[in-house]
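As structure tokens, here come the structures.
Note that chain A is present in both complexes that follow, paired respectively with chain B and with chain C.
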Partner chain A sequence: MSGGYRQQPGGSGPTTRKDGKRVAGKQAFPPPGSGGSKPKMATRDLDFIPESVGGKEPQPAGSHIHDRVRTGTSVGKEMPLVDSNAKVTGQAWYGDDVRLPNEVIGKILRSPHHYARIKSIDTTRVEALPGVLAVATGADSPHRFGVLPVTKDEHAMAVEKVRHVGDLVACVAAIDESTALEALNLFDIEWEILEPVFDPKKGLEDADEPIHWRGKYHLAKTNVQKRVFQEFGDRSLVEKPHAESHGKWKMAGVHHGFTEPHAVVAHWDPNGRLQLYTPQQVPHYTHRALSTVLDVPMHQINVIRTFVGGGFGGKSDPFPHEMCAAILSRKSGRPVRITFDREEVYWINRGRHPSHIEVKMTADEDARISGFDIDALIDGGGFASFGHVTSYYNGVLATAPYELGSFHYTGARVWTNKPASGAMRGHGAVNTRCAVEVGLDEMAETMQVDPIDLRLANLLPPHSRTISGFRITSNGMREALEKVRTGSNWDEKFRKLPLGKGIGIGCGFFISGSGLPIHWDPNRFPHATVHMQVDMDGGVTVHTGAADIGQGSTTAVAQVVSEVLALPIEMIHVRSHESDTSPVDLGSYSSRVTFMNANAAIRAALEIREQLLNAAWEMLGYHPNNLVLNDRRIYYKHDPAVGVSYLKALHKAQEDKGALIASGAYRSPPMGGVHKGAAAGLAPAYSFSAYVAEVDVDVETGIIRCTNVWAAHDCGKALNPLAVKGQIIGSCHMGLGQVLSEQMVYGRTGHLQNANLLDYKIPSVHEMPHVEPIIIESCDPEGPFGAKEAGEGPLLPILPAVVNAV
Partner chain B sequence: MLMPPFTLHNPTTVEEACTLAGALLEKGETFDWVAGGTDLLPNYKWHLNPKPHVISLARIEGVDTLSLHEIGCMARLCDLTVENGIHPLIVEAAGKVASTLIRRNATLGGNLCLDTRCFWYNQGEDWRRSIDWCHKADCGTGADCRVIPNQNTLCVATYQGDIAPTLMVLDAEVHLIGPNGLRVIPLTEFYQLDGMKKNVLEEGEFLLKVTLSKEAAGRSGSYQKLRVRDSWDFPEAGVAASWIPGDVSSLQIATTAVESIPRCHPEEVSAVLGDGWDGMKSVKALAAGVRKSVQPVNNTSLPPRYRKSMVRVLTKRAVEKMID
Partner chain C sequence: MRAPPRRLWRLIMVGSEHIKMIPAPDKNIWSAEVNGAPVEVLVASNAILLDVLRDKVGTLGVKRGCDMGTCGCCTVMVDGAPRLSCLCLAGQVEGSEITTVEGLADGAHLAPIQSCFAEYGGSQCGFCTPGFLISAQALLNENDTPTEQEIACAIEGNLCRCTGYQQIIESIQGAAAIHRGEVAAAAPASDAHPDPHPDGPDEPNMPPGHAR
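This part shows the complex of A and B:
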């Protein structure tokens, strides 16, 4: 295997421009692994297995910076999540479990029309109904909000137009649910029906009345919200391909299908501050949006995140019903609770975009991928949500884990009169990943090579750069492919199974935390902050804004603190529910929490550790460099008998100042190019995965059953292998749902036909294959103890693996 | 999801139930019967044709009999999934209904009288308002059918019960009781081709029990169900076949979930038998014939063309398995 399209920095010319910005692709790198001055990829020993996965060789990247504070207390140990007791005993309080005295029920009036202008709303009859305490309409919420500052296009309730069936029109608060429901029938509304658009291809054409209007930045009179065009590398390489494939895909939208429907309780307390209880992945964005919509400074709002009954991206937008509850509560002076029916959950949606994807790819004589040409048209529904980012992700997240000769991407996101699409586990990457991986298998077929060999021949090495400028640090892709190949007995099975049985491979690549904090400059403010406090009892209270949505982020933070301070995990108390007490955090999305929050927590814990060691220095007379903190003791390195207990050192450290306080922050290093959209898809680290799936196909009915999955995921370092395995298996379930049975069905009239869990076919336990999770530990140089994400990446490869198997 | 308010009646004997029904009818009140509630209550939560009165059969004694020849209307489906004297074909079909949890509540009577389903109908109130209602639940608007527009005479909602076709091929009879007394009819005559009327039950009547003849015990058969998931899902198509082992002339086939009613296919069977039985060739001809005779419409999860062609596969498999 020789040759390859090296994507390394270097070459001639200056690395900075006159204005001080970096030239695209010319960037400083951490310790180089391979490549660098060599234009071609070095041949790698396929039998290489690093220490971290049981081999003898040291890590290519060397030891990890956090290795010196390893105490062996909890990192890398399988442990149940710290909040699991509350959950399994039914004591966890979810959104709808919040009960405040005097609370009333809020209900939302929803649009029966796909697209219509509201000419007038008369609420006289509603207000006259006994038991109705407050009524609100779009007039009460003139301010726009949106999850991304660049695309604020939502109102709490429709101000001028409704944009899909189920769009919010008005809301009422009443003493009980039946009164509120009755009140909904008493609104007198005059509508002017407008011509709706359902097909995203139609959205590219001029319309009489575009769904949103963005003034002079609007593209003609179309419904295009965002267009992306990117080209990298040498496009002449694709002119005379040795092999090529061309796939056209139409992917249906899918929904997260979380267990807990949205629910919110809003309450203006006697001091005039808003207390908002909501199961949110990203409480901070809600906090910001509430401040905008309600015209109240942020410090007068306390967002309390309840336990979250599953999010998967579907609870990461600030939602209009949260604004409605706050508005109703302000008007009625009573706490207002709004809980969604499942139908309403589907109407607020934010699931994966229905997409039309076209992938052309070419390879040269050496089976090197010389070009990807991707076109993605994604159906955004009525609002922007995360769509701006999704438009980029559909292309840029396909640039790895392979070395490409060239890359061309055109993408468009259009508004249609359907519930808004948004972010969902594997945000933006899933559909193109499936198309790309299946295309690779097609090329392997025409070139008559094994698809795994083809992938191995084209892998990006660790410490390299993708063609679009993403900085790859650790990379366990090769190990992952090798492991699933041997684990699944691939060579015995591939193309040798009888009719009706098949085996397929798929790879995945995902960001481990978005490199750009949406609301501020990463050079000025950190991505994540963690506060820590140790009082006289020795317990450690950790304040973080990270939202545990079931993925175990609270446990991960507790684990790293417990590891650094050598305390049992029961002594670490993580407080993350209230915006009043927790530092600002961007929340749980783009698989950032473990990477960023745990890093911040380690820094805070290191500060506490230093204070403890300094106290022990005073007591023992040995310099902290010669002291060891472990097992709730601090002792002399060369004579463990000489030491003090943790509590004694703590009390010594507290003598002058009371409780020990520390604050830790994480910020990402400067990364990426300067081209338009360079920040989309940037991350301090990337996860890699490779799955092999085995399927049984009933050739008469066409029913597909996935029987076995070998799932290798490179999570850098498994802080809690139990949680990582859970994420891998859970991802398989979710991905199988999308590839085999789940879809949001829009009928001929444009209505969502299956807005319930009976007709929206989430696989049951009977459809689950046997999943063998294989954890690959590539020990990321910047991750907390080497860890990377394991929440979203594992979902990507299951789709193409199943499709390829079929 | 709040159910509309209704008055619940709990009679303890069949006679009391009939008197109660008669009294309500005389007052001009409408009502529904409820057995296990797994079909009716979700519909009520969606405000699908709710009635002001509901009469529960749950407290009535002696209507949950279970034997080879008689099954009461309140027999729970979970009890039908174990072979304690129940016909194995019924056991097979009952085991494929919904999920374990639902089967613990659901009853045979409820399953046979299952409301017909349609994805324009089984939706929340707001949703149905957005399509201007439909023929089956028109809320007084006289709305058109949404599946086949421009006809509001017949509702084409699909009957998606699993057990009815198996009972049909076992020649079961149903006992219907009401204020006007008891009548016994073959199950094949119980269903009526209209998704709204559904069956021949008169106002105030309910299905008391199902009886099987002595001859049924000698029959063996198979039930094949098409569904997306192996749990929860209603059949997208279902075929039951039975025969007296060795006697081809006794062959019976019934289909479900492809039309508004489950039904037997005697013409298709006799057409094939008329040409003389020829093993697999006849099975294929039979399967093709049954496929041709059914007319599914586009109102369930899977497309009607697919469901129709799957009837052929299911028939073939049911007969093959039965002959094995």
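This part shows the complex of A and C:
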């Protein structure tokens, strides 16, 4: 046979001319499975098919339930992010890049006072200024909103009083920026200055005028927003300690420092639907809040997530300026764009809580940890934001990865007259984690044991329970510690380095997706839903609400679908920008996206796979159990020549119903205890990490320079090792910033003094140490192909590692 | 005879008084060559280059991060040298050749630095990427064998919050290898596919076991 096929028209002559071009009318048919950008069917990549199903991928942590649907297509391979070409060509559209025709510019008037009552606002002069199209004040936004349903304490603009410098007072929309800025000067406001509170310790005391008032549920007349008290285990164990440590910490607030300032564009379309473009991690919260604030049903609002120029938790609240843009746009009848300058970014804040942390810990004769006693007083700033959760996380996320004899936690979050703190990468866990790990090193010092040995002796095993009732499934902590120990040559260096050099260890533990979907009961609705549709062209469109904030969630979802259906990744199109087309999703927070959305995507893809295999069954006569799905072709297991192309099977499956549609959902298993706050910190899986940091300290000036970091992170299964490494190195960068250079400085009068990137010191390329990312794969039984989170957990251990090294 | 330019008087606050004070700046035709194309737009004499590029020229790939020269997101190449467009008056660079991130690619062919940033993970959220690309390209134009230290010095004015710089340095080294000709550049994503008919023959006309 001359290589052609029977279908070839015009007999069996050569298909190519002498100049290499195709003979007219002759199709150079490639081998079976042709299609897409690659004409030849790829062979099965056995290196990426697990051993348990006949491949060559090593599985030290055992097999996984998803192994049987591995096709070796994309999981575990280093892949560029699917949207990276848009980003490198400047075509990615961030908040401020949305330019609608006829748009006007919105500007926000911010409070000059820390704490003051607004007696009156006169806007007549503003409205008289030519070029001003709309003015809005607190009177236009009487409804309260907040990220958590239990703590709704924000207004779009201050209704009665302003609670920090930079709090929103009013806003204007004008034909251009200079007119809008000019208009801000024309507000006539009468203030009544109130006594501000800056020190969180003062916030515990009664005040004349508490910053918020919750009626009969308010704690006396204090500024306490949330109190937490938890105690587990046998407290008698701590009475006669063999070793103990006591650390008192004062942690400054830090900001996410994302490079893209907030920006929002609001537009009421002619049908009276609001189209809101915003860089949001959690578009769904904004959606809900907009509905409340604007008195419009949710289906009349379309929240369009633009590309997000860095989130890290700082873009996960529904923000008042988003409401302002919508209100202004409604009043002016034109699209309104509000872009923050860098200073405004700091006024809205939501960074890590400044906190006072006290950690006492004890160990018994066998060097087993007999008790943690943690007290955290956290400074929440003017609003609750995520603070309710943060108050719990400060304690409960310190209960692992160690086996504790007892645990005692008291925490309080207070309102102060500063910009509100909120969620930031490593939410709530970072500061206590640092205090705990340094305390452990102190105990190791008193007991004269190696700190890594001390940690190894106290680790929780896989498939266990923490003292507070969290269900630990996979756990790669031991391996992580061993890897960093050998990687860093720890035994040769620890306590043996010359003066001015040091080496230190830190461990981390973080949730992989919050077990409680904030707005609904997890037993009734799933955590995440993914819709999928395959049309005649064979391309797969995936609709998900997962918000890609640069971490690569879109890529992760595309990867798992590509893996299950054995299609090249360019055939998977993820649509996740619009709330109109994506199923309701809680977005990117608590490191949930990879775990929950990828799991939901796998389920939807499995449904499509089943339909394809059934069609192939009908065509080939072999039961799906005996069929292999490979690169754009389905064939009989024992004879690859017997098969159908993916498209033929697809068209067969579509005969009855048109496009194939599938929907997949993820819900977490029932977990956790029944005590108050049991849901905080619950997660279907937890990530673990261990870092070793090496530092140089100039003994005369005290300047600290981190030179090397060995960073081992247990992410279950690295779906995309390139992205995981990027997350690990990036976390080191952010953590180093917090421990060495970054700090939100509040002056004596309570003013934020470094609200710009010049005085807020984010490490530059010269301050970065060499980071050796080590990926530990523990294969989580419930994770998608075994994966867990890799976004927030890697940040935790770098702080204590550096502190311990010093 | 040309009429004298009309001056718009701007209102400003002095104490609690709101008075006409400073004349609004003159507006002039500003011309330059942006990404190889001549551009003529009407801009105020005190306009910042960043604003002109974003709002008038429409090169939205130039990002605004901080407005004070600290983040480097707004870096553009002016006559071959990287420059922070937020600290640059449009008038200062009148008539010069300006390259933004949109001008790096040659048609559909991504510049090596662009494809390497994608391939090596040098871009995560992507907001700082345009600035990094310009700084890196300016370095590579002069030096295609940069050491790690030279790369660090070239990008020291750019802040990245996601990647921790390590993968950015790797990307630049990868691009340098392409510049040196050691590695072939990637084909454009929009090239015609070798087989535009994904539905090939479904049943191979071959005896069982003959599969390739």
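Operating definition for what follows: the second predicted complex is superposed on the first by the 744 of 806 C-alpha atoms of A that agree within 3 Å, B and C clash if a C-alpha of one lies under 4 Å from a C-alpha of the other, contacts with A are read in each partner's own complex, and residues count from 1 in each chain.
What we mean here is this: a contact is a pair of C-beta atoms (placed from the backbone, for glycine too) under 8 Å apart; a residue touches a chain by one contact, two chains touch by 3 or more.
Values in this document were obtained by computation on a predicted structure and should not be read as measured data.
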Partner chain in contact with A:V296 - chain B first, chain C second, else both or neither: neither
Which superposed partner A:T701 touches (first chain B, second chain C, both, neither): first
Chain B versus chain C as contact partner of A:S764, first or second or both or neither: both
Touching partner for A:L456 - first (chain B), second (chain C), both, neither: neither
More chain A residues in contact - chain B or chain C: C
Chain B versus chain C as contact partner of A:V165, first or second or both or neither: first
Chain B versus chain C as contact partner of A:D341, first or second or both or neither: both
First, second, both or neither for A:F258, with chain B first and chain C second: second
Shared contact residues on chain A - chain B and chain C: 178, 341, 756, 758, 764-766
Chain A contact footprint on chain B (complex, rising order): 1-2, 5, 99, 119, 122-124, 126-127, 129-131, 146, 226, 228-234, 301, 310, 313
Complex contacts: residues of chain A adjacent to chain B: 110-113, 165-166, 177-178, 181, 341, 343, 700-701, 741, 745, 747, 749, 751, 753-756, 758-759, 761, 763-767
Complex contact set, residues of chain A against chain C: 1, 5-7, 27-39, 80-81, 83-94, 96-97, 99, 125, 129, 178, 182, 185-186, 256-261, 307-312, 339, 341-342, 537-538, 549-552, 632, 635, 639-642, 644-645, 647-648, 722-723, 725-726, 729-734, 756-758, 762, 764-766, 768, 770-771
Parts of chain C lying in touch with chain A, wherever the complex brings them together: 10-13, 18, 54, 59-68, 70-71, 73, 100-102, 104-105, 110, 114-115, 117-121, 123-130, 133, 152, 155-156, 158-169, 189, 193-195, 197-212
